[in-house]
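One structure below.
Every chain is named by a letter (A, B, C and D) in the order it is written, and numbering of its residues begins at 1.
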Amino acid sequence: MTTAPDQQPVPTAPGDAPVINVGVLGARGRMGTEVVKAVNDAEDLELVAMVDEGDWLFGLADAGTQVVVDFTRPDVVMDNIRFCIDNNIHCVVGTTGFDEDRLSTIAEWLAPKPDVGVIIAPNFGIGALLLMRFAQDAARFFPSVEVVELHHPNKVDAPSGTAVRTARLIAAARREADMPPAPDATTDALPGARGADVEGVPVHAVRLAGLVAHQEVLMGAAGETLTLRHDSYDRASFMPGVLLAVREIGRRPGLTVGIEGLLGL
Amino acid sequence: MTTAPDQQPVPTAPGDAPVINVGVLGARGRMGTEVVKAVNDAEDLELVAMVDEGDWLFGLADAGTQVVVDFTRPDVVMDNIRFCIDNNIHCVVGTTGFDEDRLSTIAEWLAPKPDVGVIIAPNFGIGALLLMRFAQDAARFFPSVEVVELHHPNKVDAPSGTAVRTARLIAAARREADMPPAPDATTDALPGARGADVEGVPVHAVRLAGLVAHQEVLMGAAGETLTLRHDSYDRASFMPGVLLAVREIGRRPGLTVGIEGLLGL
Amino acid sequence: MTTAPDQQPVPTAPGDAPVINVGVLGARGRMGTEVVKAVNDAEDLELVAMVDEGDWLFGLADAGTQVVVDFTRPDVVMDNIRFCIDNNIHCVVGTTGFDEDRLSTIAEWLAPKPDVGVIIAPNFGIGALLLMRFAQDAARFFPSVEVVELHHPNKVDAPSGTAVRTARLIAAARREADMPPAPDATTDALPGARGADVEGVPVHAVRLAGLVAHQEVLMGAAGETLTLRHDSYDRASFMPGVLLAVREIGRRPGLTVGIEGLLGL
Amino acid sequence: MTTAPDQQPVPTAPGDAPVINVGVLGARGRMGTEVVKAVNDAEDLELVAMVDEGDWLFGLADAGTQVVVDFTRPDVVMDNIRFCIDNNIHCVVGTTGFDEDRLSTIAEWLAPKPDVGVIIAPNFGIGALLLMRFAQDAARFFPSVEVVELHHPNKVDAPSGTAVRTARLIAAARREADMPPAPDATTDALPGARGADVEGVPVHAVRLAGLVAHQEVLMGAAGETLTLRHDSYDRASFMPGVLLAVREIGRRPGLTVGIEGLLGL
């Protein structure tokens, strides 16, 4: 792919199956390494550039990169995105640290480039996103709901960010359906026994050697329970979400936050 | 409610909250008894008629019944439905034994009655229906999928009808997404170890004293698994689905098979 | 044993298989009803007396009762036990409310009756007792351990008494093995997220419509976890423990607290 | 430690806490690498020799090795063991391929060396061994029992060797307790639905991308179930068993097969 950036065509849909040229920013990091491997393993993707600290960004453009995947650091990611937009390269970003200000800035940069897409996603784990989606959909049918998350004991926050976010989404779905608080006759409890209260949804955090990252949503109604559980063992689990974003971004110009919308649910 | 059937208004949406007059057919049966209890406990429903073997159906009409719930037997259910349609009474039917012929007959009966609804549902368990729905939605994201169902040891069929149906829905979703068979390197297996093959989805049936009715769908991708589990302990668990159908049928004239469409997913 | 019911022989071991004559005290209560049914269903046991409020205790002796099962109330149980001991009837007691004082009193009553046995058990659920036993045995092999109990939402105490007792037994086993506290890097927690602290063992209590009584002990070490789970759906689950006590008491004169020792572990 | 092998004292109990000198055979293999790391991390163990293909065994003796851990290959392990016994070095062996013949040979070699111990263990996973032990202990209290094992899809055998062994141990415990077959009313089954029959115990094998190695024993009685589950994520999970054997072997001269006996249950 050697056309000048200006004439660079937007990558087309998988159905047409031309290969997409992918560049990886932060290619030697933990996530970047996984991305490099995943792109190499995908027949419809071509790894054309690996860039890390100390490398020139120009290499991305020179290599004819159509989509960049960025797992770098909050202090450099904005420069990376700016460069990509200027060079008509789509950008799939897993780096953290985005607030409203940063998102507005990116939207401004994108305004004069109607064909370029930027996807900023805090979580590329499709399983985790499906669990959240299903939990929201099911919420209004079950008077009771609690969240149990289980992680390795080196985790510093409890509950996990994902569990808190899941609980909030469930709470919002319950409010929207005008549901009363979950039934709970507890009058005599040891402190902490009933978990953390996240907008009315109890969240329990288990920390156990041997575990990785696990989350369970338990929903109950008279005579039945529905349990949704996600087990994440390995950061390889984020790759399908990253590749989905790489394949879809050509059809999604502008700024997209989160990959939920790409799941076609 | 004493207006002639012809002028009988269709029950309105719960938001408007007029009470719906409900009659129960098969009121002394196992399911009927639960329905009677559930209707009595619901503020927006009024139990106006309980009919069982030996009772006159006319009582239903005389009592101003707007919606009938029928848990009777295959040999009488068609007569019941006919009576209801003739009398402009909506009909929520949990009785089994419907084939294409029966469904066409009902559709014919309904043709001249554009305001009357009949809902025939093989399964009123909302939890089980949600599980099937979610399993279908998630199927295309996970290369591997298996179903494990667990029941009390008095069950005669294995796997359960629900598990077979779930596996078929998953298989269809996988076909639609052009997915290859799930990876499986097994070359050395004891007969039965890998379960029953339902359109390519392995289904395992556990029979255990103490259990009631449980189903698990396990989905796996690199580095992560998603598990959907439904536990049914009691036929009380079917009542929310029955009541949902009772409340919604006024807005759904004609023939509806299954209550999936009523869940608003 | 040759005192009167002077000629009443001590029940012999199941191997010898003479039938044991059983009387039920509190026969019309919730547990008593189950006991009556269970004794009736057991080929090696003969139900000879059913006694409840307002009935004479003498009927027990007259009927040749060898073993009484008492599920009555704290305010009458001591009189019942006294009567049984005086009449050389073994006593299996599931009634609650025993403290050290009451136990000493019973021991005094038993002193002159070396052939009579009294078993006082707070929990006849063999599954729950096995779980506690296994949790204790496994405790010293796993640096991490937490307890999750899950119950119906009408329960007033959290965690359940069984969960607290389980946690204490685990904590004692850990102390005995000189284990350090479980690893836990949590520095940033919402209140309650990490559960209740029972002697260093986190215990989480879930309350969910649809559930009955469930308990899970999770143990973790580098690269592996061991999970012990007990699900109790029905008070029928206590009957095997009651019948075990009935069959064994003839070989266990004196006072026995708990049926753990009868499990032969 | 430089005394001649003849005077080499047997390593003493952990209570006394002298450091034990450990040599690793097969030190560059997958398991050997883990053992090296685990020994290095243990304060009471000193790694004095790492030997792999092409290295001299004499290095073990020269380094004052008290205990050797052998994860090599069936074709060299017998020579290794012979060397260790001749040099008064205890031997903890995880290499596979031992039959009765090999075990007798080792016993003969050990006869003139009453202070030397050899432990041959097919499985050093303490969690898996505890699960087997508990399953056996619980077996006679539950009319129903089934085994579900779940593994990554690259596994060639189904069910796993561990699951088959677990089922056999359970079956033996049931026979010893004169238990009838588990209740099962199934008359209408798809082939394979009810799993593989291992001496009367149904065993189900699930193969799922994302999984590692997992096993569940489900036991049921009227109104209750007991579930024992072991999840193994990493071969690090075998190290506590290996280290236990290293620490205990000084007190266990002669040939020991399996480390179950070292668990002190």
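Just so it is clear, a residue touches a chain if its C-beta (ideal position, glycine included) is under 8 Å from a C-beta of that chain, and two chains touch if they have at least 3 such contacts.
The shown structure was predicted, so the numbers you read here are calculated from the model rather than taken from an experiment.
Novice: Could you run down the chains that neighbour chain C and chain D together?
Specialist: The common neighbours are A, B.
Novice: Please identify each chain that touches chain B as well as chain C.
Specialist: Both chain B and chain C are touched by A, D, going by the contact rule given at the top.
Novice: Nearest whole angstrom, what separates the Cα centre of chain B from the Cα centre of chain D?
Specialist: It comes to 49 Å between the two C-alpha centres.
Novice: Please compute the C-alpha centroid of chain A, do the same for chain D, then give the distance between them in whole Å.
Specialist: 41
Novice: How many angstrom between the C-alpha centroids of chain B and chain A?
Specialist: The answer is 35 Å.
Novice: Which chain A residues reach two or more other chains?
Specialist: Touching at least two other chains: 142, 210, 219, 221-225, 231, 233, 237.
Novice: For chain C, which residues are in contact with chain B within the complex?
Specialist: Result: residues 210, 212, 231, 233, 237 of chain C touch chain B.
Novice: So in the complex, the part of chain B that touches chain A is made up of which residues?
Specialist: Within the complex, chain B touches chain A at residues 125-127, 130-131, 133-134, 137-138, 141-142, 219, 221-240, 263, 265.
Novice: For chain D, which residues count as touching chain B in their complex?
Specialist: 142-146, 148, 150, 153-159, 164, 182-198, 202-211, 218-225
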